[in-house]
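Encoded as structure tokens, the structure appears first; notes follow it.
Just so it is clear, A, B, C, D, E, F, G, H, I and J label the chains in written order, and each chain counts residues from 1 on its own.
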Amino acid sequence: MDFLVHMEINGQPSDELLKKEAQRARELAEAGILRRLWRVPGRRANWGLWAAATADELHAALASLPLYPHLDITVHPLATHPNDPGSVGGPGRVPQT
Amino acid sequence: MDFLVHMEINGQPSDELLKKEAQRARELAEAGILRRLWRVPGRRANWGLWAAATADELHAALASLPLYPHLDITVHPLATHPNDPGSVGGPGRVPQT
Amino acid sequence: MDFLVHMEINGQPSDELLKKEAQRARELAEAGILRRLWRVPGRRANWGLWAAATADELHAALASLPLYPHLDITVHPLATHPNDPGSVGGPGRVPQT
Amino acid sequence: MDFLVHMEINGQPSDELLKKEAQRARELAEAGILRRLWRVPGRRANWGLWAAATADELHAALASLPLYPHLDITVHPLATHPNDPGSVGGPGRVPQT
Amino acid sequence: MDFLVHMEINGQPSDELLKKEAQRARELAEAGILRRLWRVPGRRANWGLWAAATADELHAALASLPLYPHLDITVHPLATHPNDPGSVGGPGRVPQT
Amino acid sequence: MDFLVHMEINGQPSDELLKKEAQRARELAEAGILRRLWRVPGRRANWGLWAAATADELHAALASLPLYPHLDITVHPLATHPNDPGSVGGPGRVPQT
Amino acid sequence: MDFLVHMEINGQPSDELLKKEAQRARELAEAGILRRLWRVPGRRANWGLWAAATADELHAALASLPLYPHLDITVHPLATHPNDPGSVGGPGRVPQT
Amino acid sequence: MDFLVHMEINGQPSDELLKKEAQRARELAEAGILRRLWRVPGRRANWGLWAAATADELHAALASLPLYPHLDITVHPLATHPNDPGSVGGPGRVPQT
Amino acid sequence: MDFLVHMEINGQPSDELLKKEAQRARELAEAGILRRLWRVPGRRANWGLWAAATADELHAALASLPLYPHLDITVHPLATHPNDPGSVGGPGRVPQT
Amino acid sequence: MDFLVHMEINGQPSDELLKKEAQRARELAEAGILRRLWRVPGRRANWGLWAAATADELHAALASLPLYPHLDITVHPLATHPNDPGSVGGPGRVPQT
């Protein structure tokens, strides 16, 4: 199941914390949970496409981020859309190269 | 450049109009402009990932939708994020054909 | 997975439509999808507790309601909470038949 | 009478405080006041189903939580709905196993 | 239990409907449910103080108003306050007949 | 003239300050300015019914509260409603026992 | 007592209705109730400074406007400010005839 | 050109700062820029009527207030209204000395 | 004086009305009142940069638009900024003919 | 591509920081990225017209501002409008003297 997730960072994280965050993001991407991530221009904020079996699995992933205590997160659950181009070759999925 | 687009449909479109909408969505997907589309559960609304060189190109694509006169659309411009799995060839990537 | 769902009814549904709605609600309750339903006092609105494997299954259930074209629906995905009495067999539990 | 209660935790409570909170939640569950509790995914927030004879009894329960000084709480009063599956076997009640 | 209730009237009710509304308001006042009512200056809206044992009883009273189909109602549950003059026989008291 | 007043307390007032607040509330009740006060369940907030000849008199009363520097106050002016049960025996007044 | 009043006109009133509105505004100005009126640029809306002994008197004046059924009105009660030039005979004063 | 200006004071200014503010307000009133000022009852906030040739002149006046660093200011530009009593020599007029 | 103006078109204007709107926009541009105009992508809405001596002059220009009865307009007054490239003859300048 | 950008400054920047900000603004203006800048009267806020090939280029420019850590920024993407006076002599461009 896909989730659209918006994150806003409160305060100014240190470079070390940002490096840990990038490392954890890589792990979550490899686990197939974090699928895409975009920066909101002009803000310390991002929109992400996340995939998880349940809201519990999603919460565990989000709470594992080193920046989690500084994040203001909003989760939008997503259903598949019949016109989704990504669903060609599988229901709603992001094709894996 | 990527755009996150939210659409809400006003009223109840006819089946014929929905068929035309699906056809146009396919064309925009083939043109590489409409990349992904998800339904908001419980609503006649969707979140979409769109790619266009400029806001003009995006507007032309959105205004070409048969449902356009019935849509309430909000556009969020997206910048690339260093932690985006899609930008480094990772498993969550949306293929750049 | 549980979802908290808020519904607001637009307009005044006929008695016949309300009877069909009650019938469909019974079916969704028997299927274990609609778990609880409360009226918002003073409004043609309700809060409901729904259970579905995915947002797709939830959307299918909501869209199957006879009142669906007249409903303004908002879905809140729910994760389990360690202090939930329902999750440890306590007195407040919603039985998992 | 049922109440839907939303809580948002300000700041980062200590482990000790969280343990006390869990203990008090258990007591309120045993007293039949706290019926269900769900986490809002990605947030230090929850939705709960509470039962109390009056708003006074509800307030006393909420104010007895060790985290209370850190909570931003919103209370939604609930009326029974004729289509509530939980009302089979009693008006509006959560069946007790 | 007291409830603070805000009502906004949609449209322009006929004189006959307003007369029926006044009659029903008198009955609810005699039943001790409607305690006070104030007009919002400049608007077809009011704030009211209502007393009911439960949200169900309150909903039944509100839904019995002839204007109910035209009302946009918001209910605020009220708890007692230790500094309430009404609760200690002071001059501002709403008599509990 | 009646005013509906909503107050939200910022921070955690000391017991001593709360005692002074209760004392000042008693004086304002005796002066017939503070008529009723209800707690918002789950919040350090209240709804109050205040009576004052003008907004100046109301402001003076509110600003005389020991908690005033910590209060976020919203004032709703009230007009009399023809259906107000309290207006039996006088225009808009709360009957005095 | 002064009130700041915001009005938004719904729909397009006829020239005849606007002429009646202007006539009634003149009467309310002569009665000293309507003190000042400004148009919100680009909108069929205005901000006005009104003076009335009570919210009842203000409501009666507002409800006497021929456009009243088409107006969305918000009332802000005003208290005197020690730095008000109008209150000390300064150049910005609204004369109290 | 007239402007309706809303100010909210953050924090608790010292008596000395308030005295300086009053002195500067007098100067701006004498210069014909600050015309009227009202307190929002129950809040450290005010509504003011300001006159300036341009937004630049208005900004210079507002930024010259000793409290300026503590103010949250919103400016509403005003156009003349044909029904304004102040514009036809009526009783509500702000004299243009 | 510059104004930032946001317009939202309600409904679907006819081609003839749009042609008249374009003609009037040309006239206002030639008069130096309408300086720039951008479409909000995906919406029948625009952001415009307008120049007028007063809010009255601006209102007259906006109200002269053939689409005016269908427009929802919000006006933001603008002051000059010391870092504005346009104000020092820089490359981004809007020429003051 | 043009962007309308709103910035709000949190806190009180030092004179030195403001001088650095002005210097960076000049560089961005010379690079043709910052086109126009207006102050919001009465606020430490501005509206700006920015030009960048993509949201990435815009974000890089915004993040290069010395004040960036203190800015709350909102970006509105702009499409060209057929009635834009600036587009005479080139699609959507601000003419360069």
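Quick note on the criterion: a residue touches a chain if its C-beta (ideal position, glycine included) is under 8 Å from a C-beta of that chain, and two chains touch if they have at least 3 such contacts.
Since we're looking at a predicted model, the values are computed, not measured.
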Pair joined by the larger number of C-beta contacts - D-F, H-I: H-I
Pair in C-D, I-J or H-J that repeats G-I, with over half of contact pairs matching by residue number: H-J
Centroid distance [mean C-alpha coordinates] between subunit J and subunit G, Å: 39
Gap in Å, rounded to a whole number, between the CA centres of subunit G and subunit A: 52
Inter-chain centre distance, subunit E versus subunit G - centres from mean C-alpha coordinates, in Å: 29
Separation of mean Cα positions, subunit F and subunit A [Å, integer]: 47
Where subunit F touches two or more other chains at once, by residue number: 2-3, 39-41, 55-56, 58-59, 75, 77-80, 92
Each pair of chains that touches, named by its two labels: A-B, A-C, A-D, A-J, B-C, B-I, B-J, C-D, C-E, D-E, D-F, E-F, E-G, F-G, F-H, G-H, G-I, H-I, H-J, I-J
Complex contacts: residues of subunit H adjacent to subunit I: 1-3, 54-56, 58-59, 75, 77-80
Parts of subunit F lying in touch with subunit D, wherever the complex brings them together: 12, 39-43
Touch list for subunit G against partner subunit H, complex: 2, 4, 21-22, 25-26, 29-30, 32, 34-41, 46-47, 49, 51, 76-86, 90-95, 97
Sites on subunit F touched by subunit H in the complex: 3, 5, 55-56, 58-59, 62-63, 69, 71-75
